Every structure is written in C-alpha cells, then in structure tokens.
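Going in written order, the chains are labelled A, B, C, D and E, and every chain counts its residues from 1.
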Amino acid sequence: DQAKIGVLTDMTGQFSHEAGPGAVAAVELAVEDFGGTVLGEPVEVVVGDHQNKPEVAASLAQEWYESDGVTMINDLINSGIALSVAQIAEQKGGIAIVNGSGSSKLTGAGCTPNSIHYAYDTYALANGTANHLVDDGHKSWFFLTADYAFGHALEADASAIVEAAGGSVEGNVLYPIETADHSAFMLQAQASPAEVVAIAGSGTTFINAVKSAQEFGLTDSGKLVAGLLVWLTDVKALGLPAAQGMVLTNGFYWDRDDDTRAFAEKFKAKTGKMPHMGDAGNYSSTLHYLKAVEAAGTTDADAVMAKMRELPVEDFFAHGGKIREDGRMVHDMYVYQVKTPAESTGEWDVYKLIETIPGDKAFRPLSESDCPLVKAD
Amino acid sequence: MTDAPAPAARPRRLDVRDLHAWYGESHVVHGATFHVDRGEIVTLLGRNGAGKTTTMRALAGVVRTRKGSAHLDGHDLLATPPHRVARTGLGYVPEERGIFASLSVAENLLLPPVVRPGGVSLAEIHALFPNLKGRDRTQGTRLSGGEQQMLAIARVLRTGADFILLDEPTEGLAPVIVEEIAHALGALKARGLTILLVEQNIRFALAAADRHYVVEQGRVVDEFDNTTLRTDRARIDAYLGV
Amino acid sequence: MNVFALVLFASAVNLVVGYAGLLSLGHAAFFGGAAYVTAHAAKAWALPFEVSVLLGTAFAALLGLLFGLIGIRRRGIYFAMITLALAQMVYFLAVQLPFTGGEDGIQSVPRGTLLGIVDLGDIRSMYYVVLAGMVIGLVVIWRTIHSPFGHVLAAIRENEARAVSLGLDVARYKLTAFVLSAALSGFAGALKVLSFQLAALNNVSWHLSGEVVLMTLIGGLGTFAGPIIGAASLVTLEQMLATSGLPISLVIGTIFMVCVMLFRRGAWGEVRARLAALADRQGPGKS
Amino acid sequence: MVRCGGPKTTQGGDVGDANANVIETRGLTRTFGGFVAVKDVDFAVRKHALHALIGPNGAGKSTLFNLLTRFLPATRGTIVYRGTDVTRTPPATLARRGMVRSFQISSVFPHLTTHENVRIALQSRHRETFAFWRADRSLKHYDEEVRTLLADVGLEPYAQRLATELPYGRKRALELATTLAMQPDVILLDEPMAGMGQEDIARTAELIRRVGEGRTILMVEHNLSVVADICDRITVLRRGEIIAEGSYAEVSADPEVRQAYIGSDHD
Amino acid sequence: MLSVPLVVLLGQVVLGLINGAFYAVLSLGLAIIFGMLNVINFAHGAFYMLGAFVCWLLLTHVGLGYWPALVVVPLVVGAVGVVVERVFLSRLAGIDHLYGLLFTFGLALALEGGFIFVFGAAGNPYPVPDALRGIVRLGPLILPLYRFWVITASIIVCLAVWLLIEKTRLGALLRAATENPRLVTAFGVNVPLLVTLTYGACVGLAGFAGVLAAPIYQVSPTMGSNLIIIVFAVVVIGGLGSIGGSIVTGLALGVIEGLTKVFYPAGSTIVIFLVMVLVLMLRPAGLFGRET
C-alpha cells in the first residue's frame, strides 16, 4: 500500500498565482515534514496541470485513481473541476481534498463520502466579513458582484447575513466576469448612499475592481471596501496603496503566531513567497491525510476517510479542526484589514487581525445543509 | 522618326539570350533569344500557351525562377532585385490587367511611382481614353473590361517608363479604341519610347509594330519585319495555325 | 476518449472550413450546446442514452440552421465574425441560464445503458460505444466529401459566381453543409458528455472554436486525415503536458508557430504532397 | 437598317408572339450612384437567333448581361424570359430554366481539373448535386459526355490538368465547354473570343455556330469579323442606349455606329 | 432600472468614450494589418500586453518613468513586430490567411504563457504618473484625471494615423500591395519593406495602448487575451479596410457598451456582438466598408 498524492491544479493559467506551484510546494513540504514515508513506503507526489479544462482534469483524475495508484488528489482549484473530481473520487474509490476552490456546493448538493472541503468556502468568507462590519456599525451595503454562480453565492450569503444582523442592502450591480474595466460600476457604487462597497468576485477581475475603486476615490469619499474573497497574492498584486483599508475574511495569515511564521519561513525558502490560505490548507490537509493513513494502516479510501473524520486536525493551520459528514473541515476563521503603507513594516506585512471567528460560527450549520449525506442521517 | 531607320543604326535596349523560366516545377520558357532596339515596337506572336506572357513576366521580375540573361540598357534584369526593375525604366502592363479592386480609379492610376520625368500627363491620358474621365472615384474593378484595359495602359504611361511591356493591350477593346491605341503607340514611339508587345490581333500588330518574333513552346522560332508580314502572310499563318 | 470526440469535432469543422470554404469561429456553440442539452436530458429528465444523444444532435442541427440562415450570405471574415458573435450569445446564455450550472457546469451525468442492453457504466463498453460513434461520424463526413454534393461544394468554394451562373443555388449548398457540420459537431459534443459525464462552459467558449480550427489547420485543412491527425495529436499532447511540468501555453503556442513555418499544408497535407512528388519522379521512369 | 426609336422592335412582324422572343426587356435601367450604365433599354432576342451585342467600351453590354441573368438587380424596368416575368427571379433559378452565361473575365473553378469543371455543370443540369450520401463513383456516367464536350473545344489533352494551369485562351474554351454542358436554351457569352489565338477564334466561331442551332445565343464580342461571320442580328449599344439594330451589313453602314464603334478600319 | 440618476448616465457616456478610445487605438492597428496586409493578427492583444509589461519593466528595472516610456515602449514593441514580420510572417504571404492567424495565435499563446511563467498570472501594479493623479469633478460627477489623458492621447494618435493612411498615397500602396504584391513590386515599390514597417508600426500602436492601460489595469499577462475578439468585432463592424470606420466604431461601441453596463450589465459582454450581427445583416461589409 503506497500513498500517492496527486496535486491537480492550474499550474500555468489564470489561477496559477492562487494555486499552482504554491500548492505543489505545500504538499511536498507536508510530505517531507511527515518523514517522507508512510506504511513503510515512500510517499510519492505527482503534479497535474488541468489548464482549467474539465475534460483534461477528469481524464487525468480517472487515470490517476485507476491505473497510476494515486490515492488522494489535492488542491483542485476551479469549482467545476473540483465538483467533477469529487464525483470521480467517489466512483473510483479515491479521495479528493479541495483547497483551491471555494464553492460551497462541494459540501452541499455536490458532497460525496470521498471528498473533503478543507481550507475555506464562500459561506465562511461572506459570513465573517459581513457579520463583523455590520456589528461594527456599517449597516448599509452595496454589492459589486461577479456575474456567475460563485459571485451570486457570495452575495446571497453576505446579504442574508447583513439583513439578519440588522443592516440593509442598498443596491447591487452584477459585473460580467470578462469585464476588464469596472469604472462604469464604480460610478454606480459612488452614486449609492451605501457605506460599504462589497466586492464579490475573485482573481484578476477582483483586482481590477479594487483598483478602480481606488482610482475613483471611493475610499477617499468615506466608503469602506470589503472583499468577499481575497487571496494574499491579490493584495500583493494590488500593492498596499490600492488595497489599504480593505476588510476581508481569511482562513490563514502567515503572521498569526510562531507556528504559522515557522511554516511561512520554510515555505518562503522553497518558493520565494509567503503562503496563503490555500497553501496552508494544502499543507495541513496532506499532513492530516498521511496521519490518517498511518492510523488506518492502509490507503483504502473508506478506511482513511473514516480515520480523517475521527482524528482532530491539529497543526498550525487549525487547532482541533474537525471534518463533518458533509465533508466540511471546520476550523476558526479570521477577519483582517489591509494595512496602510505607513503601518506596514515589510514586504509581506499586509494584514492586521481584527476578529477571530470560532469554527462553529464560521461555517454553514449542518442544519441548513442540502448535502444528501447529511439528510440520510 | 516614324520611318524606321536601319535596325543596325539603333542602340540596343533589350537583349535577351537563352532565357528560361519556370512556374514552380514546370519549365515554360526554354531559351528565348531576342532583342529590341531603341525606339522600336516589337511584337511577340504565338499561339495560346506558347510562353509569351511568361517571357514578359520573367523580364518584369514577376516570375522569379529564371535562367539565362536579359539586359536592359546594360542592366542585368535577372540580377536586379524585383522592386528595382522599374527604376531601369521598364513599365509592365500585365495580361490580366492587374487593376486593384480595393483602389479607386484615381488611386489605381496614381499608384505606380514615377520613375522618370516626361511621363504622359493626366490630361493627355484623358484625351486618349475619354472613358476614364470623371470616373476617379469608381472602384477600379467596377470599370468595364475595356475600361480596365485602358486604365492599365494609362497607369504605366504616367510613370515615365520608357521601355514598356504590353501584354495583349487590345484585348476587349472596341475597334475604334484599338485604332486609337495603334496611333497612340506611334506617338509614344515618336517620343522615344521602346515597346515590346504581345499580340493576338495580327491586324493591330501590323499597324503598330516594326518587327515581330514568333514564339513557340517557349522559344523564339522566327522573326519577320513588317514587309514580310504583309507580303508573306502564309508563313506567319502557318505558325499561328489559321 | 476525449480524443474521439474532438477528432470527430475537428473533422466536422473541416467540412465547412476546409471543404466549403466557410471559416466558422462559432462551432463550439454546437459542440457545447449539444453537450448541455444531452447532459440535461440525461440527468434532469432521466432520458435514455440514445434519446439524449439524439436530442443534443438535433439541437445542434437546429442551432446550425439558425446560424446559417443569419450568416450564410456573408463571405469570408464577415461570415467568421457572425458565427463568432452568435456563438458568443450562446455562451452568454450558458452563463446566464439556470440549468447549465454556470461556471460549474453539469456534473455526474448518468450514462445509462445503450438500447437497454449494454451497460455504459462499464468503462470498456463506454469506450467502444464512443469509438463507434466517432467512426460513424467520420464515415458520414467521408461519404459527404466524396459525393456529388462534395464536388459541388468544392466548386462553390473555388468560384462562387461561376457556380451561380451554372444554376447552383450556392446558399442552399452552403447551408446544407453548415447544418450537417453543426449536427456532427453536436454529436461529438454529446459523445463527450457520455465519456466525461459533464458539460461545461469551456465547451461553448470561443477558445474551443478557435482551437478546433487550429487542430484542423495543423493536421491539414481540406484533407480527410488532417483534422484526425491534428486533433488526436493536440489532445494527446495536452494530456501529456499536463503532468510534464512544462508551461503548457508556451509549449503549445510554440508548436503552432513551428507547424506553420515548417509544414504549411498541415502535417497530412505535407505528407501527401511529398508522396505526390515522389510518385511524379518515379512515374516517368517507369513508363 | 432599322433604328430603334419606338418601344418595340418592328422587325419581322412577329412582335407580340410570346414564342418568338425569348428575351424581352422594357424600360430596363441600371444606375450606379449617379452613373446611368443602362438607360431605358427595350430589347428583344428572338428564338434561335444568334444575336450580337456590340458597342464601345463601357457602353453597358456586360451590365445588360448582368441584368438579364439577374446577377445585378435592375433599377427600373422589366425582363421577360419565354413569356414570364423574371425581373425578380434568383440567378441560379434562371440558369436552371435554361439561361446560362459566361463571364468576360475568365471564370473557371481553378483548383478542379478541366474534367471536373465540366462535370459540375452536368451535375447541375441533372440535379445530381445534393446527394451527400452517394459515392462519387456515381458520377462516372458523365465521363463520356464530358469527354465529348472537351473534344468540341479542343481541350481533350488537358482533361486532367487543373484549370488554373491552363493558358488564358484555353480557360476561355473551358468556360465555353462548361456553359454548353448545361445544354442551355439561351446562352449569353461575354466576349468569348477575347484573348484567343487566331486558330482558336476560327474554331470557336465554328463551334458557336454549331451549338447555336436550335438554341438562342446572345453574345458580346469586339471581334467584328466573327460577328459579321456568324451573327444574324446585331444590336449596338452606346452609353447605355440602343443606337442601332439589324444585320451586320445594316448596322455597319450606319455612320453613327462607324463613328462610335467600328472606326475606319473595318469594312 | 429607470432610476439611474442622470449624472451617472452622463458619466457613463464619458467613461464609454474612454474605453472606446482604447478600442479605437487597438482596432486601428488591427484594421490596418488586417485590411491591408491581409493578416489576421491574433497577437495584437499580446502586443498590447507586451507594451504594458515593457513599460512596467522599464520602471522597475531601469527606472524609466511613464513619459519616456510613452515613446520608448512603442518603439520597442514595434521592433519586436518588425522582427516577427521579417522572420516569420513574410514567409506566410500569399498562402491562405488562416495560416497567419494560426501563427499569430500561437505567438499570442506563447507570449502569454511565457509571461505567466516568468512573472506569474496575478499581474503587477503600475502607478499613475504624478502629473495625472487625482480626480476631476464635473458637477457631482467624479472622474479620474488620468482617464481624460487617455482619451486625448488616443484621439490624437488615431487622427494622425488616419491622416497618414487616408490622405497620403501610403494607404493605396498598402492595399494594392496586399492584393497583388508582385505587380506592385514590378511597379518599383519595395513591398516587403513596406509591409514590415507597417506591421511594426501597427504593433507599436498596440504597445502604445499598453502604456496607456498600464496605470489603469493590472500589468498582467492575460490583459490582452479577452480584448482581442472585441477589437476584432470593432474592426469588422467598422468595415474592413476602413481606417476611419474603425476609429469611429471603436468610440461608438465604447459608449454603447458603457450604457449597457448601466441598464443591463450582464449584456455588456455581448452587446458588441449583437451590434455586429445586426450591422452585418443590414450592411454586409460593415458600416464604412466597401464591398468587393
């Protein structure tokens, strides 16, 4: 029984800065830190570049599970791909752990007994930021939402929370994801009386939206910009002058405590950059997987899944993290604000912590889940 | 000037020896040898497919796979880069006319760069080809077939080229215009131009030219002067299969 | 199995681009549109395998008819841009309509059984069914280009005005070829759904429309084997590169450039030309 | 000589007989922008005539052809073909009803062989064009007919050559063969002799005369010896208007025609 | 939907014009390459990206600022274009223009992939030059100053190019050279040189647009890849071969797109294509094109 881990990710495409080489490095580090072997055999890591093509990902996943002896596939950025590989894992008796994609469908209608949604999901991110800001007195909101399922989900989750917490949604605008120029939407945001302009999108279009917000003087005119899904790499790409003041929720920040800093140093030595929540999730989940394999004494998917659920997740990423029956790994989440250039003391010193959300409050409660595995109970 | 002096008295302008030309793999001109002297109008006669057009294209640099030698006023045409050939004073009116569809009549007319002073003026062109008058803005290929032929000739006359290759200039032209062109060629000759002509219309060839070569299968097989052509029609008819 | 679907798709595209001289930049709409319809029919309506595939193919054919009616009288790049524009609208619908699942697509489409006998859940029988589907599609294309209709199509491509003057109603021939090609592309898309159990946005995006033309071009435009070779090699390459660690677009981009520079008639076109040259050289010697 | 002053041809006394005139136009006009290329033309071609249309360059001959074959829509006026109004009929339909044209600038299918060029026309004539399910072996039965047609225009030796490789004159011959393959009732030939060598001209003239038996032919031609030789009726166009009509002898005696078109050379 | 305030609407028209100015500069170059050299230059978006990147690299590694970059970058990118034309595209002249498309598509892929490989996909920020920082208040409307500069610079460049092509013999020469290069050569024009320089100049224009774009958008490897088909659409709507057409169409479509963003944002990605289908149905050769 050899444990073989496949990192299926976007190595060279539009998401490669969010996952890609960083994901691979994190998994490799975890294997090294585990000692390189499990059940007396070396742990092998293989890498696949799915190029954001579901067919390529599916072919590769099938081949990996079926003939290449891959026992677990990790990262899985791109929600369509994550959903389809989760299905394949179930069919072929493999394990899929999602760190790259945030779609909460993975623990909803698309949940499987063989897949785990690990680092974060859209619900948790929206939940953290919305709750915090409304509690803080920022009650009127305007949404700038990427016009696709992922953006809609972020917005829907966030506005439900805003309204539940006594805030109001003043308006929204759906921007097509191909849009490079967001200035037209900025004018609308500008004209709205709302205090908070929440951007529900990700990747390059998110970055461009924040840039225009800065260019149009949104923050100067007293509005608060909130990002509903922000990677550390996005903030780096924006630069502090453009990103400063933005409020966001994240599952991990390298400068949280000594353990995270220790991991970050190792990661940086290997890749030249600081890890973000996807990287940390890839590391932590790989480690957890290997521990479970060792505990189960086999790489058989059912046995390992059972062990993974049984053992608590205990490392720098999560303390006492737990995997629920819908596949959700439950852990604390954190609300951060982007520092101003003046506050920042170093290249990677970009966030200040403003709130910690305990795991049981961070994620969608099981009672609201539409995962068939939960209903079966 | 119109009365041709003895050929030997004229300086040689074009001297073609053992010219070969190919389209890709197919060898079309097989060693043509002929010459044209200053102020002469010379025709190449021959059946369809004999290689007349190809010979002209080889001289103008439009067909690039060539061997042998061709000199115009001492310039080695085969060694001249194609865009420099026009600078030697050679103007080319192609058989297919080569009117540019995306250009207006005026643009077509003004397109070829002037290579020497003394070209035919626009006024003279309009006098010669009244059809072109007032059509400046019409798209080139929307002219009638004959008008396109006029435009193709006019275009080259304008540049001041003094050695002109004319490939079937009368094709598609009304008899009156053919007559006028015959006169015009005479006038051009009087101005000192030298012309190499490919022609199917023997009547026109007779009226316009001084000497005639017969091309057969890519070779020059015979030569006539006008008198012979007039008196010994049978000989040429044998070549042309009439 | 991706290879089978794309080989058929590229061959169908070649029918219009290579044989009818109509550059279409919108064929992904047929491939992907049929994929969505097939997936939805099989999953949400729980229709049998054959019926879903037929529905997908029919949908593509209808869509092809619509595209054709709008664009067929335009020429060259104008035609290409109309097909692109219409395909972008299909893409837009795929993003907007609820049943397509947006950027996530439709997953876990059931395969069912073929004619109620062969269980397609079995990967091996699935494989042969998709292979058979591809072969059937290719036979249809082969027949078409080597048929009286195919000759007329060639003539129209060569000289449209002359074809009209000979009493050929060119728009109808082009439309027929276009609809046929759309239907076959749809068929390919349906086969893809059954092999991967998913339909996704990238199946309707203009990138795919472009890629499939490029596959055809690389293999050899207007040759029967060209698109087969082109699609098979590109898909295989993509699959191989996935685990190679190389920067894929850089490699594929470079391959495109090299292909164009080295064999402009496409791989197969080049082979054929060489063979012909060889035959020429030997011909006179023998006689 | 008959001048065309009135709205109708008065020649022959069979006016009004729908069968006698294969083509009739009334007030046919075509303008390009402000330029009137064909002006109010009343024109008729009688059945089984070999009718020539001549006139100076730019007179509107090709335009008139384009109008008659519906390659260009008319600005005004009507066209009647064998008794029915075809002013709005699509060109391909008209061709299938027996009116086939050739082009002034050679128009062949360049990358098909000479043989295939002609065969396409046969396919069109026999409506064997939509069968995409049938093998092209089924086209073999045309071979004999193609060969005959090619032989008629002296193109047999070129049968397997690509049309693009033919010398200019041969392309014209090919175009003619392709046109004849349609077995048209009415053939419109736009300068069929242009670019041909002497030997071909004679042969083609003979060919046209031969195929003209039992057919109607309307041709534009600048080669007046051919026109004089084979055409039984001639219409002269100038600046879009008919200036004369009649036999060659009649027309060529007209001083206006001589001045505008024929010049002094021909007699 | 009708509750959109008038100011916002007016603002959108201005913003639309600004985007339109980008479309105009890009489509201008594309239109010339396309209409006159008969190359479907799929790499145009990549050259635009290259322009922005060279600009960024000059700033970060050489310390060369925005203003000099405005001149240097188009020259650098143009030089790359010259090399590409000379070494590759010139060999493809005369064969089906699909091969030119294939080549430039490959080039675009390779450039994009290469830049992602080296610089990552996220992109890099480029500061707005000091002189153009800040916002302009037009009544209640707030617009960034830099955007006004973009529109001015683009329109000046477009007009200059238009004058050069339409009012000099250059345009006619180019079109003729596309149609029948051998004949134009025989007339004494050095066609290969002409073509190379034109390609270089048009690509340089794309580089210029890249510099203009750098401070607004991220300098990222994928910035040109989605733009390219929009710009193609602009060229086609304007009518192939019509330089003026592509400028006017670029500006107009920018405005139409901007207004769509107000009333039906989702539709803004396809409004241009919708316009294209409608235009081509009514005018087969585009708004300003001529039919051949």
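Everything that follows uses one rule, which is that a contact is a pair of C-beta atoms (placed from the backbone, for glycine too) under 8 Å apart; a residue touches a chain by one contact, two chains touch by 3 or more.
None of these values were measured; they are calculated from a predicted model.
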Touching both chain B and chain E: give me those chains, sorted by label.
none
Relative to chain B, which chain's C-alpha centre is the most remote?
A
Counting C-beta pairs in contact, which chain pair has more, A-C or C-D?
C-D
Chain-centre distance (mean CA atoms) for chain C and chain D, in whole Å, is 42
Centre-to-centre distance between chain E and chain C (centres being mean Cα positions), rounded to whole Å
31
Separation of mean Cα positions, chain C and chain B [Å, integer]
51
Separation of mean Cα positions, chain E and chain A [Å, integer]
36
Which residues belonging to chain D are in contact with no fewer than two other chains?
none
Taking each residue of chain E in turn, which ones touch at least two of the other chains?
113, 116-117, 266, 269
All chain pairs satisfying the touch rule are A-C, A-E, B-D, B-E, C-D, C-E
Could you please specify the touching residues of chain D with respect to chain B in the complex?
32, 35, 55-59, 61-63, 104-105, 165-170, 191, 194-200, 202, 222, 224, 260-266
Could you list, by residue number, the parts of chain E that touch chain A in their complex?
4-5, 7-8, 11-12, 15-16, 18-19, 113, 116-117, 120-125, 127-128, 135, 141-144, 146-147, 216-218, 220, 222-223, 226-227, 258, 261-262, 265-266, 268-269
Touching residues of chain D toward chain C in the complex: what are they?
69, 71, 90-93, 95-96, 100-103, 107-112, 116-117, 119-121, 123-125, 128-136, 138-139, 178-179, 182
How about chain E: which of its residues touch chain C in the complex?
34, 40, 88, 91-92, 95-96, 98-99, 102-103, 105-114, 116-117, 229, 232-233, 236, 240, 266-267, 269-270, 273-274, 276-277, 280-281, 284-286
Touching chain D in the complex, chain B uses residues 26, 46-49, 53, 95-96, 131, 138, 142-147, 149-150, 168, 171-179, 200, 202-203, 237, 240-242
